[in-house]
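In what follows, subunit A forms one complex with subunit B and a second complex with subunit C.
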Partner chain A sequence: MDKQEIIDKINQVFEKSFEIEKGKLQPQANIFEDLGLDSLDVVDLVVVLQQKFGIKIRDDQRIRNIRTLEDIYKFILILKDEGKNTVN
Partner chain B sequence: MKTLKLIYFNTVFYTLFLSFSMFSIPILSLSVIFLGLFSSHRNTMKRFRRAINWYGNVVIRVLPFPFVRFRYKDYARNKGRGPYIFVCNHRSSSDPFLIGCLPYELIQIVNTWPFRLPVLGIFARWAGYLNVKRMQFKEFSCKTIELLRQGVSIVAFPEGTRSRNKKIGQFHSSIFRVALQAQCPIVPICISGNENIPPRGSLLLHPGIIKMHKLTGLEWEQYKDLGPFKLKNKVRDIIASELAAMEGGHERFISLS
Partner chain C sequence: MQLKRVVITGVGAVSPLGNDVPALINGIEQRKSAVRYMEDWNQYIGLRSLVAAPAEVKNEKLIPRQNRRSMGRMSIFAAQATQQALSDADIDREALSTGRIGCIIGSTTGSAQSLTETFEIMVPTKDLTQLNSTKFFQCISHTAAMNVSQYLGITGCVMATSAACASALQAIGAGYDLIRLGKQDAVLCGGAEEIHPTVTGSFDILFATSTNYNQSPHKTPRPFDIKRDGLVCGEGSGILVLEEYEMAVARKAKIYAEVIGYHTCGNGAHISQSSRTGMVSCISNALSNAHVEPKDVDYINAHATATVQGDKEEAQAIGEIFGDHVPVSSLKGYIGHTLGASGALELIASLAMMEKGCIYPTLNLEKAGPDCEGIYHVMKPLSKEIKIMVKNCFAFGGINAALVCKRSNVQKMHIG
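Moving on, here comes the complex of A and B:
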């Protein structure tokens, strides 16, 4: 899975699960201030991302530093590269 | 001249506010306690919360009159007895007082600061107001659902903090998750005109007209298929749209279907 595929899949999550317009899904968009997610929505987002990418991210401390969509793209890319947290 | 008017208004208001509070709070408290000797805890709490509503109503509608005028409109098609989850926009520290005009037994979901207010903070705690900053979602959810089960309506300000301008902030989803679980109607409340009564970070009241619109509630059947994220944004859009109509100089009826 290349970078663009990951970006497309993440954007699909925001479009389908949160019904956020495609136009708002800019890499620099702040997921809290611009997209309107809150801490509980982030928990929902994590669950969907885990299912979508077959990775375990719930207990990963790095998730606390995520602010923008770009941060999510990078975070998922790193986890896919690490390839060790695969959910069975 | 404008400054003199402002000084006069605030002097009169705060004098009346202090006198009224010193007189009404002990009398209301003693009345509730006395009647509580002959009735159940549940009925005493009901009376206590109604007394708080009455106090808030007088403070914001009567004491600042005629410098501040309050116009309340109830657009609800079906006037049920509740309980409801009232969702309000939040621009001023006078909002919790304005809520007193709602004719229901209710508690408010608030930040930490109202609990720190002298006297009023103690009453907020006794009335069972929920400090959303001090509890995990699970505890918040259990307590709110229990209150709704008892017939107590809930007032929430899901922006979390007073907005710094007329733009409505992002909503937090907690109360909408509870509404989905409790299958409770959500009633949007729009408050406009109190941005300077008083302005954020100040106690100085400015003269003005406050408008409060209670819209038709969203029944559970109407929103049960939405997730909390979509639901909070739907209610936010309804409130934003009504506020735009209120502040655009024309009033209109909003369809929630």
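Moving on, here comes the complex of A and C:
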């Protein structure tokens, strides 16, 4: 899976699960302030990312640093590079 | 202490006959049955009753996502019915955050669909990590009351009655008591329920469901009928605005009826079998609470779900108190047994009867069972002025509830 495929997949999550318009899905968008997610949504984001990418990230402390969409793209890419998780 | 008077000033409904009150009333007036054959239910081994009265989830995206995400099917029904009731009562959103308006909505359980989804995710793998954050809020017993109050910003008393088929009437009774005591000025009261194979299954295991009409669903349920063979589950939500009388009059609200009596009690006898003795006690106490005699009652909206045993006990209880002089009908033939919502949905339809001076008959009652004779069954539309009516609800667990309403002569109303 290349970078663009990962970005597309993550954007699809925001469109489908969080009902956010495609136009708002800019890499620098803050997922809380710009996209309106809250703490419950973050729990759901983790669940759906785990399902989409076949990863286990619930206890990964790096999730706490995520602020923007780009942070999420990078996080998944790092996991892919680390090879600790199967990003598929 | 001088107790306050309580009136009904708003109604809202999502029912198997449609997604507002006029659809419910029009459907009943046209003698429509909302009971359907449930195509995918035959996959369940041992489920013999394959009929239900489904409602439709519509326009749910009008509820903002962050309110909707914690709502299962029944909470969506409840939220929409509540909005209708508030609009009907002409109560604006700001008033809901004064702490003087409460919200009491009952249901048998939380969302049956969400409960099933949760266990389907969790049980096979023993893995909790696939559960999302809001499943819990959809599953809990007070899901409808909690979701509606959050969505609408209600800061008064928020409570959920959970007494299966008596849930809605207990909610209305609790709201009535709160207003009478001066603790709330108004309370949004009612119930919500959703159909699911597990819900029908819980009755089917006990041989309480209708099983002979899977190929002719409109012929069941058959309350009080000689060929009745059990209940049919339905779903939806009914919400009523109960309001302190002086406040309603001062703001020139339309008044559907005054609630003048209520009682709820247990049978203390058997977990699933209905008890005529308990029913008689409940209805009698409600009448006493209302300071009316049985002869003063013009109409009884029966619980009558079409179970063999329950209908017999209720008919005998009604006969013991009222004899054969007071017209009786059940609305389960139209919308099935909407369980935790039934008390509210059927009360709303009864208020329409009160307004129109016409008693809607028991659909599918063609010939009363010999064990249900001795009371005044309404088998075709009956023109009659209704000044005082009684609504019955009797639940598994031996829980009884009865409400007495009086027609208001203060302001004119219009339902449906």
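Everything that follows uses one rule, which is that the second predicted complex is superposed on the first by the 85 of 88 C-alpha atoms of A that agree within 3 Å, B and C clash if a C-alpha of one lies under 4 Å from a C-alpha of the other, contacts with A are read in each partner's own complex, and residues count from 1 in each chain.
Operating definition for what follows: a residue touches a chain if its C-beta (ideal position, glycine included) is under 8 Å from a C-beta of that chain, and two chains touch if they have at least 3 such contacts.
Computed from a prediction, not measured in an experiment: that's the story for all the values here.
Asks: Should A:56 be classified as contacting the first partner (subunit B), the second (subunit C), both, or neither?
Replies: After superposition on chain A, A:56 lies in contact with subunit C alone.
Asks: Taking the superposition on A as described, I'd like to know which of subunit B and subunit C A:33 touches: first, second, both or neither.
Replies: In the superposition, A:33 touches subunit B alone.
Asks: Which partner does A:44 contact after superposing on A: first (subunit B), second (subunit C), both, neither?
Replies: So A:44 meets both subunit B and subunit C here.
Asks: Have a look at where A:19 lands relative to subunit B and subunit C in the superposition and call it first, second, both or neither.
Replies: A:19: touches subunit B and subunit C.
Asks: Kindly classify A:80 by the partners it touches after superposition: subunit B alone (first), subunit C alone (second), both, or neither?
Replies: Touch status of A:80: no partner.
Asks: Which partner does A:9 contact after superposing on A: first (subunit B), second (subunit C), both, neither?
Replies: After superposition on chain A, A:9 lies in contact with neither partner.
Asks: After overlaying the two complexes on chain A, where does the subunit B footprint on subunit A coincide with the subunit C footprint?
Replies: The overlap between the subunit B and subunit C interfaces on subunit A comprises residues 18-19, 36, 38, 40-41, 44.
Asks: If we count contacts the way the header does, which residues on subunit A are in touch with subunit C in the complex?
Replies: Residues in contact with subunit C: 18-19, 36, 38, 40-41, 43-44, 47-48, 50-51, 56, 58.
Asks: Help me check something: in the complex, which residues belonging to subunit C touch subunit A?
Replies: Touching subunit A: residues 61, 65-66, 69, 129-134 of subunit C.
Asks: For the complex, give me every residue of subunit A touching subunit B.
Replies: Residues 17-19, 32-33, 36-38, 40-41, 44 of subunit A touch subunit B in their complex.
Asks: Quick one: in the complex, what on subunit B touches subunit A?
Replies: Going by the criterion above, the answer is residues 137, 170-174, 177, 227-230, 232-233.
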